[in-house]
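The two complexes that follow have subunit A in common; it is paired with subunit B in the first and with subunit C in the second.
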Partner chain A sequence: MSFRWDVIWRELPQFGLGLANSAWLSTVAMTLSLLLGPWLALPLVSRRPVVRRASRAVVDVARCVPFLLLAYFVYFALPALGVRLDKWTASLVTLTVYNTAYIAEIVRGAWAQLPAGQTEAARAVGFTGFRLVRRIVLPQIALAAGPVFGNQLIQLIKDSAFLSIITVPELTYAANAVQSFYFVPFESFAVATLLYWALCAGVEQVVRWSEGRAQRIRYGA
Partner chain B sequence: MAPDASAAPAVQLRGLSKRFGASDALADVSLTVMPGETVCIVGPSGSGKSTLLRCINWLERPDAGEVIIHGARVGYHRSVGGAALVMTERELARIRARIGMVFQHFNLWPHLTVLGNVIEAPVHVLRVPVREAVAEAEALLAKVGLVDKLDAYPAALSGGQMQRVAIARALAMHPQVLLFDEPTSALDPELVGEVLDVMKELSREGLTMIVVTHEMKFARDVASRIVFLDHGRIVEVGPARAFFESPTTERARQFLDRYR
Partner chain C sequence: MLRWATLLDLLHGAGTTLLISLLAIALGVPLGLGISLARARRVPVLGTLCAVYSSFVRASPVVLFVMFVFFGLPALGLSLSPYAAAVAALALNTAAFNAEIWRAAILDVPRGQLDAARAMGMTGGVTFRRIVFPQIWRMSLPALVSEMTLLIKASPAIAVIGVVDLTRKARQVAAVTYAPLPPFFAAMVLYAVTLMLLVVAARGLERRVRARYAL
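Up next is the complex of A and B:
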């Protein structure tokens, strides 16, 4: 049995492009989710049961739909409603919607763990509403849930592989294109696996670095 | 500083009541605190001391009665044609900014340094310029003996240090009255003194203080008056010396016996 690594070497630019696309799609979607998730978490912790239940339902549906199905839906089904998105926009929308639901749930969970005294002390000095959330609640959630956000980003990177079915040239798509053209499945998928691993290792490294900083804050330097 | 009898009251409570479920947490509590006074609220646990304090700044909304701070009613707008209008959370926040509160469990914000904790509300609630807020925070932290801890995070501090930061944090807002909710109850015994010393100093300087405490020696030494609360009612009010030496009610006598 002989492996044809020369083919892989020749097609490296295609893998590189795929990796870059996977990376930027995930990064942009994660950034958008981190901006949107807390807003979605607000109704989840609302004092009004109706608001809480309604937002709960929305988040649960978004989390329970398989990612692949959601991608199909956005790209193939929405046009039936007159919403036609190109594959890049559809990819970002799918990744962001799916991921935001998870981020909202993570924020809600971390918020519930926040001691009541924290917001009470803030209210006692005159904080209220959005400013209280932004200055006192969210930084503590970031501090507590950093590694969970990192895990979620890794999940997101892996989910983005499904986007190959709507012909987005991300890493899995590139690997599949190379293997089917040259018939080198082992080499091609092995390289893709390696690159996904490298990407996730990078995320892990950032998480580890920020966790170190968080530990110093949590337990005192 | 002796209270100025001719001045207007700093805090007036009239007929304050609060129920939790079937039980009265507070029942018809009326009290007047003059500027510069240090009033200590004592009583058995569950007697409504904390609830009383939390009703003053409306962290807990009273079911009935009035809270008036330096002439301004807390929680309701001046009634127009009889009906009083409940304030929005935003309006309440503006009033709370002028009422300081120090908690039993400090409640420092763990994501901010000591300095960050002290300047947070002046900068983000009162919109004081950062440079000004920092200068004042440094002065306040010097006053509570913690200038060397400016850049430390709360987790690196002892309980006594945390509570002194919490006091500086409250003082940074220039409160008209400072509420203390059992400020030493969560501290190791050897750390109680450093917090009480700071409070004594503030009392001497004439800050209006209402202190819920189990520290009877502190109450006796520092308080201008003692309020004895039991089952949500004021059972006895009087000058500290009189209360400790010759309590007039049987209930207060029983309570004090446990501290002898």
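Up next is the complex of A and C:
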């Protein structure tokens, strides 16, 4: 049992590239989801039962599908419907669609926690529709649900590892490429685990920092 | 459309997914409890090891973890068959998350109860069996079930070591028939039905637990 860490050291650029790809794919998908999620949350809190129930069903089913199955669907089944995406676009679409369902549910949950009196007060001073959501509801959801969004980003980073199966060169793919080329499975996967751990720890640190800021914004310094 | 033989094929894949997930849950839930106890009791060395293990496993993707167990552990002299590696990897993975759930519940048990149990002359083991465990399993149930659904959704990762689960089967059927839509839709329905049955069953169990123990 002799480990060959020198191989890992030499192949570090490949790990770095994989890490960078994992990080940007997750970050871009998360940003898109945060922009799209609230729109999907609107029908979830609609006053019309038909709209509410239909959107509820869509979000629930979407959250029951394994990430890999959705990735297969986007990459292999959409071409049958005439939509052909390269693997990067397919990855981003899968990550974003999958994550948006979760974000919408988080936004709905945080929305339900807001005191009803606030919305009523806002209506009383003349806020309506879109402006009410944008100026009163969303800023509070962003402050309240920050840590939950952070956990979701970590989940997204881990889900993105499935993309290695459709040969996207992210971190897990890089680790597997190095291990099968040099036959250094233990070293290679250990380093990849360490890098994922560092990435998730980084996200947690950012969340903790922004949580402190959110507290100050909400309750004053 | 979907032929009968293909559907049977998919159901076979679903059976593999269910069997491996259930085995992983059956091993992972008690293992998680063990890890959480080692941490809560501050067992020297073992407690620290469990904390480190928990931290790394919770940050690593299931795909990577499955490959680590199957390809990486033989370097430490532990070779497993693909099926055994799949069960072991999923169980070890879910155990780390279960440990956090158990730990939160254990830390929630009022200190006074433990002191009272000791005053009554109960040993550590008896206190755990008679006082702590009956409370924490009821508290942990909802979170444990939600972790089970996450495990089932992560289970397609075992395809990377050649185990043909439902997702892999759907992909194979799609490749053979050149009609990807029916098998993928069928697989989605099977996953959705399985998870919803699990959630409904858990809700029923929770309701009965609440009714019985008046929580």
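By definition in this document, the second predicted complex is superposed on the first by the 217 of 221 C-alpha atoms of A that agree within 3 Å, B and C clash if a C-alpha of one lies under 4 Å from a C-alpha of the other, contacts with A are read in each partner's own complex, and residues count from 1 in each chain.
As a working rule, a residue touches a chain if its C-beta (ideal position, glycine included) is under 8 Å from a C-beta of that chain, and two chains touch if they have at least 3 such contacts.
These figures come from a predicted structure and were not determined experimentally.
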{"item": "Which of subunit B and subunit C A:26 touches, first, second, both or neither", "value": "neither"}
{"item": "Contacts of A:164 with subunit B and subunit C, given as first, second, both or neither", "value": "second"}
{"item": "Partner chain in contact with A:100 - subunit B first, subunit C second, else both or neither", "value": "neither"}
{"item": "Touching partner for A:190 - first (subunit B), second (subunit C), both, neither", "value": "second"}
{"item": "Which superposed partner A:219 touches (first subunit B, second subunit C, both, neither)", "value": "first"}
{"item": "Touching partner for A:76 - first (subunit B), second (subunit C), both, neither", "value": "second"}
{"item": "Which superposed partner A:14 touches (first subunit B, second subunit C, both, neither)", "value": "neither"}
{"item": "Partner with the higher number of touched subunit A residues, subunit C or subunit B", "value": "C"}
{"item": "Doubly contacted residues of subunit A, that is, touched by subunit B and again by subunit C", "value": "none"}
{"item": "Subunit A to subunit C touching residues, read off their complex", "value": "1, 3, 60-61, 64-69, 72-73, 76-77, 79-81, 154, 157-162, 164-165, 171-172, 175-176, 179, 185-186, 188-190, 192-194, 196-197, 199-201"}
{"item": "Subunit A-touching residues of subunit B, taken from the complex the two chains share", "value": "57, 59, 89-90, 92-94, 96-97, 99-101, 103, 105, 107-112, 120-121, 124-126, 152-157, 166, 169-170, 173"}
{"item": "Residue ranges of subunit A touching subunit B (in the complex, touch as defined)", "value": "115, 117-118, 120-129, 131, 135-136, 139-140, 142-143, 216-221"}
{"item": "Interface residues, subunit C side, partner subunit A - complex", "value": "55-56, 59-65, 67-68, 71-77, 149, 152-157, 159-160, 167, 170-171, 174, 179-181, 184, 187-188, 191-192, 195-196"}
